[in-house]
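Note that chain A is present in both complexes that follow, paired respectively with chain B and with chain C.
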Partner chain A sequence: MARTLINVPAKAKRGEIIAIKTLISHTMETGFRHTNLGVRIPRDIIDTLICTYNGEEIFRTRLHPAIAANPFVTFHTVATESGTIGFRWTGDKGFSATASAKITVE
Partner chain B sequence: MGERLTGRSNRRQFLAAAGGAALALTVRPASATPAAMTLAIRKVAGESEIKPGKVKIDMPPLVENGNAVTMTVSVDSPMTAADHVKSIHVFTERNPQPNVIDVSLGPRAGRASITTRIRLADTQKITAIAQLSDGSFWSDSIEVIITLGACLEDNLI
Partner chain C sequence: MSRAAIDRRRFLASAAAAGTAASFPTPAVSQKAGPSLAVIGGGFGGVACARVLRKAIANATVTLVEANATYTAPPLSNAAIAGIYPLDHQRFGYDGVRKTGVAVALSAATAVDPGKRTVTLANGTQLAYDRLVISPGVAMRWNAIPGYDRRAAEAMPHAWNDGGQVGLLRKQIEAMDDGGTVVVSAPVNPARCPPAPYERASLIAHYLKTHKPRSKVIVLDAKDGFTMQRLFQAAWKELYPGMIEWIPPSSGGSLASVDAETRTISTDFDKYKAAVASIIPPQTAGHAAELAGVADRTGWCPVDPMTFESKLVSGVHVIGDAAIAGAMPRSASAAQSQATICAQAIAALLAGRQPAQPTLSSSCYSLIAPDYAISQRGKYRPVDGQYAEADGGLIVSPLDAPRSVRKREANEAEAWYRAITGEVFG
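What follows is the complex of A and B.
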């Protein structure tokens, strides 16, 4: 399981715009590099990150090989209600990772 | 005499082979061209007009290491149900592939701004386009100078 790091404020006011930062450890092998013997290293990247807020999708991104290793993505959302913000990364070679964070909205 | 000729032809063959090998080594993986970037943009925007403005790319103009360049793309939008940003797309001119990232947003985002770290192979132009809820496309481009490009770390493994 890849290591993930999520930064979501623990508390927020209703209607406040919060920043969500996500980081996951992954080599993001581009598929354009070669070994000493000239053999192409096959592509192995994370291509999708989906974020849900209490089960409802709020953010989706498609990543390409031009994203640096250990993909870091920051985005925003409106704090509507207390609950769970879930994250799912999927990629080549059946890669899949999930993470979640709790938020309390006052 | 006959032996010498054979020797010569061997040398000639060797030189030809060496030249061929050198040529093979200098062939780099195909890189995207401005035309490839335009094509990738057209794939997203179709025939729609793309106007400059509203979108802002924020990244350092001079980068030492192209392996991880922090980039922020923000779009000037109230992000309401009636007027919001639907998607943001980033393209490069001289990376092996023109696409960098595609983001889908909605009114729940509150603010149309994303940050990520990207790879840049060379000094080049980066273009971001955004599609608004009314179907219009807006763009911004930025020239970035790279002193050490990504994708050059071949033969390290």
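What follows is the complex of A and C.
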């Protein structure tokens, strides 16, 4: 399982705009490189990150071979209610990783 | 010899005769007037260059401009921070260089006019020059890390280009309680002396292991890899097991902000409450580079590798940390080597000769404990207009060497330091 880091504020006021930060360790092999023997190294990237807020999708991004290793993605959302913010990364070779964080909205 | 040059020299003479704070050893325009050469920056590069210029050009007037009377040498300063050496081990004055016939103006340069070829000093003196060498070292990019400004540096010393800061960090380490966390942040490249943050973490761990064994060191790095990384990490495992934690950006180590009041360091994913924090911020060419307009948009100074003359401003040469010198690291040793090549090139240019094809060298020792050092040494030559590693590239300490080799390198480090400081400041 890839190592993930997420930063979601533990507490927020209702209606507040909050920053969410994510980082996942992954080589993001482009598929354009060759070994010393000329053998092409197959593409192995994370291609999708989906974020859900109490089960509802609030953010989705596509990643492409130009994205560097260990993709760091940050975005904003509005704190609407207490609950769970979930993250799911998927990619080549059946890659899948998940993480989640609790948020209390007052 | 142009008319303008003679006028400049007359101006210099009048400044000297007026009895300003800059002391000129011999009347600048006695006998047959030679060229006027000014060097800004009293570190390894500037002082070495002034001395070679003085020696290489018999009739030249060489003036070294430096704001401070005492210089704190950065090499081995991490050992002084960790209490291995007294602070005096790092401190040097300018009597040695004065004795060689270089005039030392102890005043900050406040303006450079490359058109009129003059340098103005804080004490009001104006120096005319035929050739100017700038060896300004590095300046900190304040607020590049949000919250890290000059004031924050008092609470969280960078101890990087300033003697007072070195003493401050040493005092804070001595005063901290056992069980605290020391945070060292390592900057992005390019920066002065790439292995130094890791040497600092090592030697602080050495001090803590001896005096405050429940404490630890966290290195927050802006880079996912660093120079001699495997050597450092193997040594940490051997000498300081469990005491040093290195957190690269891929593990969330890049700094998001610092709070000097509470000594809290925030990354994108975590907060660290430090007993002592040494925040080494991103860097740029020293202030004098800005005065002369020799830095480009990168913040560093492009130079002709044959002469170290600025590619942006003619008649001004830039050496040391501020210069863009390709594969050469930014070290005292590199600065001294560049200073010699630059001075010889200036002598050749003034004599109407072609400067010789330069070969530069740099040695860089990192102390991990008082009896444990590693090193990298390299030779560099210009290839396609920029310095590249020559003669088989870098020579780095072997990974699997016995302790006797590490001890020998620690002795070599001290001998190297005595030699270079003797040559430059002695």
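As a working rule, the second predicted complex is superposed on the first by the 106 of 106 C-alpha atoms of A that agree within 3 Å, B and C clash if a C-alpha of one lies under 4 Å from a C-alpha of the other, contacts with A are read in each partner's own complex, and residues count from 1 in each chain.
Rule of thumb we're sticking to: a contact is a pair of C-beta atoms (placed from the backbone, for glycine too) under 8 Å apart; a residue touches a chain by one contact, two chains touch by 3 or more.
Please read these numbers as outputs of a predicted model, since none were measured by experiment.
Enquirer: After the alignment on chain A, I want to confirm one thing: do chain B and chain C clash, or do they fit together?
Expert: fit
Enquirer: Looking at the overlay, what does A:L5 touch: chain B (first), chain C (second), both, or neither?
Expert: In the superposed model, A:L5 contacts chain C only, not chain B.
Enquirer: Between chain C and chain B, which one touches more residues of chain A when both complexes sit on the common chain A?
Expert: If we count touched residues of chain A for both partners, the winner is B.
Enquirer: Would you sort A:S25 into first (chain B), second (chain C), both or neither based on which partner it touches?
Expert: In the superposed model, A:S25 contacts chain C only, not chain B.
Enquirer: Regarding the shared-chain residue A:V78, is it in contact with chain B (first), chain C (second), both, or neither?
Expert: First partner only.
Enquirer: Report for A:F59: first if it touches chain B alone, second if chain C alone, otherwise both or neither.
Expert: first
Enquirer: Is A:N36 contacted by the first partner chain B, the second partner chain C, both or neither?
Expert: After superposing on A, A:N36 lies in contact with chain B but is clear of chain C.
Enquirer: So in the superposed three-chain picture, is A:R14 touching just chain B, just chain C, both, or none of them (first/second/both/neither)?
Expert: neither
Enquirer: Touch test for A:A69: chain B only (first), chain C only (second), both, or neither?
Expert: Touch partners of A:A69: chain B and chain C.
Enquirer: So if I take every C-alpha atom in chain B and every one in chain C after superposing, what is the smallest distance between them in Å?
Expert: Here the least C-alpha separation of chain B and chain C stands at 7 Å.
Enquirer: Could you pull out which residues of chain A sit against chain B in one structure and against chain C in the other?
Expert: Comparing the two interfaces on chain A, one with chain B and one with chain C, the shared residues are 69, 72, 74.
Enquirer: Note which residues of chain B are touching chain A in the complex, please.
Expert: These residues of chain B touch chain A: 29, 67-69, 92, 95-97, 99-106, 108-120, 150-151, 153-155, 157.
Enquirer: Quick one: in the complex, what on chain A touches chain B?
Expert: Interface residues on chain A, with respect to chain B: 17-18, 30, 32-36, 41, 53, 56, 58-69, 71-78, 80.
Enquirer: Within their complex, state which residues of chain C touch chain A.
Expert: 224, 249-252, 268-269
Enquirer: Provide the residue numbers of chain A that touch chain C in the complex, in ascending order.
Expert: Residue list for chain A touching chain C: 3, 5-7, 21, 23, 25, 69-70, 72, 74.
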